[in-house]
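The structure that follows is given in the form of structure tokens.
We just call them A, B, C, D, E, F, G and H in the order they show up, numbering each chain from 1.
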């Protein structure tokens, strides 16, 4: 089984956040790999990873980093695969990481999701893979339908909330 | 010829920014369509577009909007296609649009690029389509190579800059 | 008894904040309803709610949401009833939600209150209903008078604070 | 003819922005009045205005101010009428005015619209008056319909934009 | 004994912060008074206070408030006494209160200190009173000298910190 | 004639802003002096000024600076006179200067006014001097009365603004 | 043994953060000294320190401060030695300290590191000393190599993380 | 003549800002080189430059970049030379570039100067080189002395500013 998605983190401390992406890939049966690689401390390893990813069969890369979060952009500079960036919150409520990831110069985009948005990065990866995989596409629709059901169920619970002037 | 990418703008005033996305698709020979649809003023039209996009053959949607920029998220809520969001600068240097696009709740991601990042939204769309199109993938590599050449050429020009203590 | 105000939340997790609005309506004997509806996960339900609200007798809608808070604006796009938006704090101290609610484009206003401002959203709804309900208007005046009394009472308590150079 | 809406500005320099509210009331045939009153330079006049507004027949107050924008909150503290606040941009892109208007303490809400949101403040006033005026309510629906038509027309214009790979 | 300084708070919840100002006045033997008055909930009481303060012998007013902090500016609009504003932190790290206090329009200044800067507001009041009170002026110099001694003592303690390569 | 107020600027480029303070002192017949002294480029001159100011008869110091605006705080650290800080806008809309002036540590306050608030700094200085000068105090009241008249006159002008549905 | 680096803190409360700089100098066998000196409370001591540092053999100064953090800039104004500034987080997530340190006017630079960046300030000092010390230069390379090893080891640990669809 | 300082820019559009650094090196007779290299478009060239810089005789690197400014950090990750980062203003007043440069993770510092701080980056480089070059150190002192003279001269000019109540 060959990984189609790589989850790359700038530091092991990002794993508790990024684990939700891995869980999504499990649920959707999408083969993936996980690496801790730092744009600043292991630039050679990052380069080696980025340049070989496409040939290994990787189709989408998820890169998570905090503070002056260079990892997603550095990887995007070394591959033509779509790179999804996840800003990790560690200072300034994650604003530094968000700006350092999303404000890429013309030519090298990073598909940025919200601060600590691990689950959304995985769903986005699933949507991208669906472009070439109609079965996955159907699974993504089912996943979305289930999200809806949870909200509808919440709404039902609210009907139990009891007030005198509250109506149903 | 069937469009593979839709460029949706919240207002015609976004066209001077978004035109760069259209130019990229021309250059890369990627069929595309353009619409002005407002999440707030034409919600029914937005819904109709979003629900039919996949069946029409659209594979990626680019949605651009300013201020309280709901368009990308609203479209993403109605389709499983990947949606790329472009924050348009009109107030607060575009920070309001950026946060209103990127900070999506878990379940409904928008692949956000930088403020006024029309070109990057198109390149990202090209990278996503490349997942299922090896010829386009090669063209994307060539495009990236050309970007590099321009920087290298700039560097050559700098050698002409003349100072007494400047070396080459 | 027909509800005059709807409280709509993007998620059940907003209820502990929004409960204060419900309590105000109880106190003022204003019939209301509560729903959990997500602009992004249940767009069809949101549309159905927004389009039928006026015919059901609803006169004011309160919509609360966090992060890229689209719910108030999406509802406002589908009804001519006044929509009050409550930014819920979950990231960036609620700044993302505030900007995503208040910075609506020309044509579709949302009457925005402060971050987590559930009580103020309910008071504002009461003021709007008072435009056509002189008895409620009197009750609103009494409510305001009671707020004043609490501050005056605090001031009395301060007189008990004892310092040598403090005078009364 | 008795005014139903008051437009209050902190300074005559706000008039070029707020004129759009007056134009909306003209178009919708809603009687209104305009005053320049400063919370800081003419506090007595502000108080006299706020306390008499309801008795004069005013049903909604629009208050616009920039910088440390106290005017909307000060008026709201002296009347039970709904007060709509318009942050005027003069420094910090209007963020100071926005926060000084929207972040009201519990008990005294101000219905805040976006920075320089004069038109939206007037539409919101129209929606509030519609609660007790079914004819106006219909006019508001027509107004909204017209907004939609303009966007749809823009979309038609986009079809004329000519590119080789652009489809319709 | 007649109070020379008034400490006014928007809410009793500000007292734990503002108590430090009272302690400073005790230490410096400056007669003072404390009131809880809300610009929004008790506007009449605020007006009465502000208009009578000078005649009562008050020479400086300290006003503390959070969120859309109007209290200092409202008081400043009704007296010619110097008004010191203390932004209280309750949301946005106190940025809303800071901007709502410091960004006063031309004509009505508020002497603003840092967020939760109760002690500094009291020292500033002491410096202002010193303009007309040479004995107090000397006490202020002594107070400043004592601050210096505490820092010098800290520095001495650092000499005890033991490292191999640390020198003295 | 001995100066009672010193206006200190970090750079001659601040003079067009600070000139308004000088004009106020002219109008109010308050003797003043003006200096360009940089906390960073002329620290010795700043120290000499600050230490001698009180003995020369100066009663209040106004210090204006932009960017990492240290001048007001540095002067405040070397004198017990009240120091008024004026943040000058040159980057980040003046937010850097505002925070660098207002956020002083406990013990050394700076009485901060709004960004580019030269006039307000002068009025505040006038209010402080009034604590010991009853004639100036009366002049300050007259000045405030004149501000009010200008707003009232603006309001009269608004009555000339002609609309069909506008009332007076 | 003569100190080559001075660590100066605005307050003893900064020591738990700055201790990491001291530990780095221990590890790298670089002689250093530590002082608590306040730009605002002990300006004379700061001046004495700054003017004598070079003659004492100090080659680099690290200055840490929070809030309106003037210490690094004030020291830089009094010496030609390179000064490294460390913004200490105490309010606004450290943004006030960061801007007050980094935004120095032309002529007097401060080499600023990230908020609470004590370790990085020490590494930067080591890099600066390495310009004239080839042995230290080699140690710095070794230090950097060790950082890399830790990241590589983290990556190995990730291989143990077990999922069904996770590949290695 | 061998360059001791490298000025690296992310784009030729940064040259008008960075030219001031080159002019400083000319004035101080410090040999330097200039390159345009993009972290994102020419990662291989950046790597080659960074890895060879020390061996070529470079002692300090100045790297300037805007938006998601990765260039300084990427270079710092590949060399042990001190790297000075210059945030270039292009969006968000340069806040994105500032945070993307200064907020480096532990281990890889970048010595950051203010937004568009080209001159300060060069002065800082001069100060670093002075650690091992006593003649340059003297020149740096002279440069600083000249800055002082300009401020003192400005102050003299202010004495010519004529007002009735202005004293000298």
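Keep in mind that, in the parts below, a contact is a pair of C-beta atoms (placed from the backbone, for glycine too) under 8 Å apart; a residue touches a chain by one contact, two chains touch by 3 or more.
Note that the structure is predicted; figures quoted are calculated from it, not measured.
Chains that touch both chain A and chain E: C, G.
Our note on geometry: chain C versus chain D, Cα centroid distance of 19 Å, whole angstroms.
A separation of 36 Å divides the Cα centre of chain A from that of chain H.
Centre-to-centre separation of chain C and chain G, using mean CA positions: 48 Å.
For the pair chain C and chain E, the distance between C-alpha centroids works out to 34 Å. In chain A, the residues touching two or more other chains are 11, 38, 41, 67-68, 91-93, 95, 102-104, 107-108, 114-115, 144, 147. Pairs of chains meeting the touch criterion are A-B, A-C, A-G, A-H, B-C, B-D, B-H, C-D, C-E, D-E, D-F, E-F, E-G, F-G, F-H, G-H. Residues 59-60, 80-82, 84, 98, 102-104, 106-115, 117, 119-121, 123-124, 127-132, 137, 140-141, 144, 147 of chain C are the ones touching chain D in the complex. Residues 10-11, 38-41, 43, 47, 66-70, 73-74, 76-78, 91-92, 95-96, 99-105, 107-108 of chain H are the ones touching chain A in the complex.
Chain contact summary for the complex, chain A toward chain C: residues 89, 93-95, 114-115, 144, 147-148, 150-152, 154-155, 157-158, 161, 163-168. Listing the residues of chain A that touch chain G in their complex gives 1-3, 11-12, 15, 22, 25-26, 29-38, 41-42, 45, 67-68, 91-93.
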